[in-house]
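Residue numbering begins at 1 within each chain, and the chains themselves are lettered A, B, C and D in the order written.
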Amino acid sequence: MPELKTIRVLVWNENRGEQTSDLIRSVYPKGIHGQVAAALSAAPDIQTRTATLDDPEHGLTEDALSQTDVLFWWGHMWHHLVSDEAVNRVIKHVHNGMGFVALHSAHASKPFAKLMGTNTGRLRWHEEGLKTRLWKLDYSHPIAEGIGDYFELPQEETYGEHFDIPTPESLVFVSWFPSGEVFRSGCCWTRSGGRIFFFQPGHETFPIYYDENVKKVLVNAARWAARPSRISYVFDETKSLEKLD
Amino acid sequence: MPELKTIRVLVWNENRGEQTSDLIRSVYPKGIHGQVAAALSAAPDIQTRTATLDDPEHGLTEDALSQTDVLFWWGHMWHHLVSDEAVNRVIKHVHNGMGFVALHSAHASKPFAKLMGTNTGRLRWHEEGLKTRLWKLDYSHPIAEGIGDYFELPQEETYGEHFDIPTPESLVFVSWFPSGEVFRSGCCWTRSGGRIFFFQPGHETFPIYYDENVKKVLVNAARWAARPSRISYVFDETKSLEKLD
Amino acid sequence: MPELKTIRVLVWNENRGEQTSDLIRSVYPKGIHGQVAAALSAAPDIQTRTATLDDPEHGLTEDALSQTDVLFWWGHMWHHLVSDEAVNRVIKHVHNGMGFVALHSAHASKPFAKLMGTNTGRLRWHEEGLKTRLWKLDYSHPIAEGIGDYFELPQEETYGEHFDIPTPESLVFVSWFPSGEVFRSGCCWTRSGGRIFFFQPGHETFPIYYDENVKKVLVNAARWAARPSRISYVFDETKSLEKLD
Amino acid sequence: MPELKTIRVLVWNENRGEQTSDLIRSVYPKGIHGQVAAALSAAPDIQTRTATLDDPEHGLTEDALSQTDVLFWWGHMWHHLVSDEAVNRVIKHVHNGMGFVALHSAHASKPFAKLMGTNTGRLRWHEEGLKTRLWKLDYSHPIAEGIGDYFELPQEETYGEHFDIPTPESLVFVSWFPSGEVFRSGCCWTRSGGRIFFFQPGHETFPIYYDENVKKVLVNAARWAARPSRISYVFDETKSLEKLD
């Protein structure tokens, strides 16, 4: 049988809200990165490490990235503080096969925007903490494995269309909000060798990453994005191929 | 400038509810087909004819179809009465370049199901006559031309996911319903030479096809689906091509 | 770790050429189905059975299909002899989650055509037994796992565009032929709960299914198409969802 | 009838080869931009202007771009000399609805790479001046309007897969080369409000842009990319929508 290799996940978080807000710290005493990593580590085939904005080089060194199969990214208010150098390293590794999972406000993060090529910061949003219902649209997608027709979160930030993204290659979830919005909340793309998943849930003041369905999606996403092949060329790309008869 | 040819639309309706229900007849005194045709004919480049289930050969003769650029189809309770012979003629013409617009319950019609290859009858539905809001997801799509970020209908039948369709090539609209459903309400596909559009609004007891936004979408859909080229092969497909050096 | 379940494959072949042609029998003494099954069985997680046109009910009984995760299908000259009843059973099982792999001339088979909704019989072809080169276009696709930038087959029937299929959801391989044709030779679609793969190589007079790269693709295709989830609805689809606040 | 508005095209060219190579200048005495503009201007609904690398701000001022419906871009050896400021202006206008047509080696240009999010410089190539055959794969696409099953160019630079692009939203052409390569030579994407087309033909030493089929594609591409709508939001995106009952 095909060997199940261990998936090495790096969970990145700007980790500033946790320092400045009692509310956020009370919801995520280990930090959002801590809880996302805990949810992922519960899977026997996933190993996690974490990194944050204030680590040297944001924890996104060449060495760290070269040991990463999938990078999870949570950021919200401090996107602009991430250095272009680190962002370019992330992009390079995605192109070479590293998975990238953008969580919640990471829709506006530098690496996600650069990978998409659109103005990904553009969407509707408001923060009353309304319910949300995530509908599973792509029944065949591994990221929806084990999820029912839909699942609900009792409180979440409301996101609404139009969300300015390239048409997803797979549209796994679309969310419903009681205030009248719909939102493409689970979307897949490929960029060069790397697989990318955006997942909307995760406002910092609600305990989203403790939810059982959300945790299942995180694990599924890690497995889906941890694809083994990398783009490679077997010979000089500027030479003509061997002549065929 | 490229010539704007006249688009020849045939509007088909099972036209049985109109005979048996005072309510439906009061909403659509000319029949649903009559009102859809009126909405389309208001465009200077569209000419319409109508046909119904009880016409000879359901009005879907070889002659009628060969003079049709786009076939609009409304059906609900009497799908099974449409003959396979007529359905196969419709399919053949779609393959050869005729557009096909499936309205509302035509999701479960024979031609639409055959063109999709899935169990298109499968979706959620209930009929309280709730509001609905159609969100425009594909800003670049000609069918969304002139439509705002979203539009609303004060009363419509509720449709909900999972809608068992192949992934749309373009997802133009997604609908929101107050009872908690989302629905892919404007979807495009291509099948051989023909373009296909499904548009969800149109429950027979509400005056949907009088709505200004709906009428705009109908006209846009006719123009989009009326593509001029047809699949053709210039030479014997079983012969090798001329040898290149 | 996620359990690797055994994949149950049924390999179907019309198995008539093997009876009537010494050449075909010499290339495939066990029948094409026998060799495809042997190639698949070499994988430790795949179990195979075979069925042929002349078996009772073509070997496609409800019982046989209900024990099948993925159905491989090879057919060429006797598509019309497959009963509509058997075809409809196959379609129903695909809709409910069974994978379907169409090999070579199965592009014109009844089940593949019905699943696609186009005139899949339409393509160019000629039979000089020229070389072919299959280029891997979708680097991220599991079916291309372990395949280089391209691979070659020394002799194959030539297939050429335009191939009348719906736009593939993933275009894994495009083939090059020395006589000037290109062909979409590895294509994926989803239809309801089922995954579908078309793979062009496999003309009956050449030993295609003994080739190492081809065998790798067959195994990858079985694994990709053997998706575990099936479409199901948790509650009455005609009832409104539980009211949200 | 819908009014046919005039399409304002800006043709950009690095225009350095024309200064330094007698061969290139002999093929394109008016510059590549001059000939592309001439081909486009022959259409009654297209007005053209040109701009080059050595113009002030490369001719890509805010003023110039705001009067442009579609920007055609030819570049090859001097991509790195285009200022990031100009590139960012181009990207902003594409996001807001300007079409962008990348010709030939513009696959590696800064704006195209930024819009794609992949390493678009990665492909095979060699320059013997072999024949090429462009196969029309998407029969329904307006860019293929009026083109036969395929067309040929007697001499062109050879490009080959793997071409490192996001999966095209429409794959209009795939090219065949006698040396054994295939190449996705006509590809469409959408990025925010803008439509993007890549078209491979156009090596500077061959008279590609004088070819009748190529000229037809250029005109079709201008019309396809010149979509009128632009992304806009009708109200404050951070406010909840009007409450529905």
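As a convention for this text, a residue touches a chain if its C-beta (ideal position, glycine included) is under 8 Å from a C-beta of that chain, and two chains touch if they have at least 3 such contacts.
Just so it is clear, the model here is predicted, and its values are computed rather than measured.
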Pair in C-D, A-D or B-D that repeats B-C, with over half of contact pairs matching by residue number: A-D
Chain whose mean Cα position lies farthest from subunit C: D
More contacts between chains, A-C or A-B: A-C
Centroid distance [mean C-alpha coordinates] between subunit C and subunit A, Å: 33
Rounded Å distance between subunit A and subunit B, as computed from the means of their C-alpha atoms: 37
Residue numbers of subunit A (touch at least two other chains): 133, 138-139, 149, 160, 162, 167, 178, 180-181, 190, 192, 231, 233, 244
Subunit D contact footprint on subunit C (complex, rising order): 133, 135-139, 149-150, 160-162, 167, 170-171, 174-176, 178, 180-182, 184
Of all residues in subunit C, those that touch subunit B in their complex: 95, 114-119, 122-126, 128, 158, 160, 162, 164, 166-167, 169, 179-181, 189-192, 231, 233, 237-244
Of subunit B, residues touching subunit D in the complex: 1-2, 4, 43-45, 131, 133, 138-140, 142, 144-146, 148-149, 178, 190, 192-195, 223, 227-229, 231, 233-234, 244-245
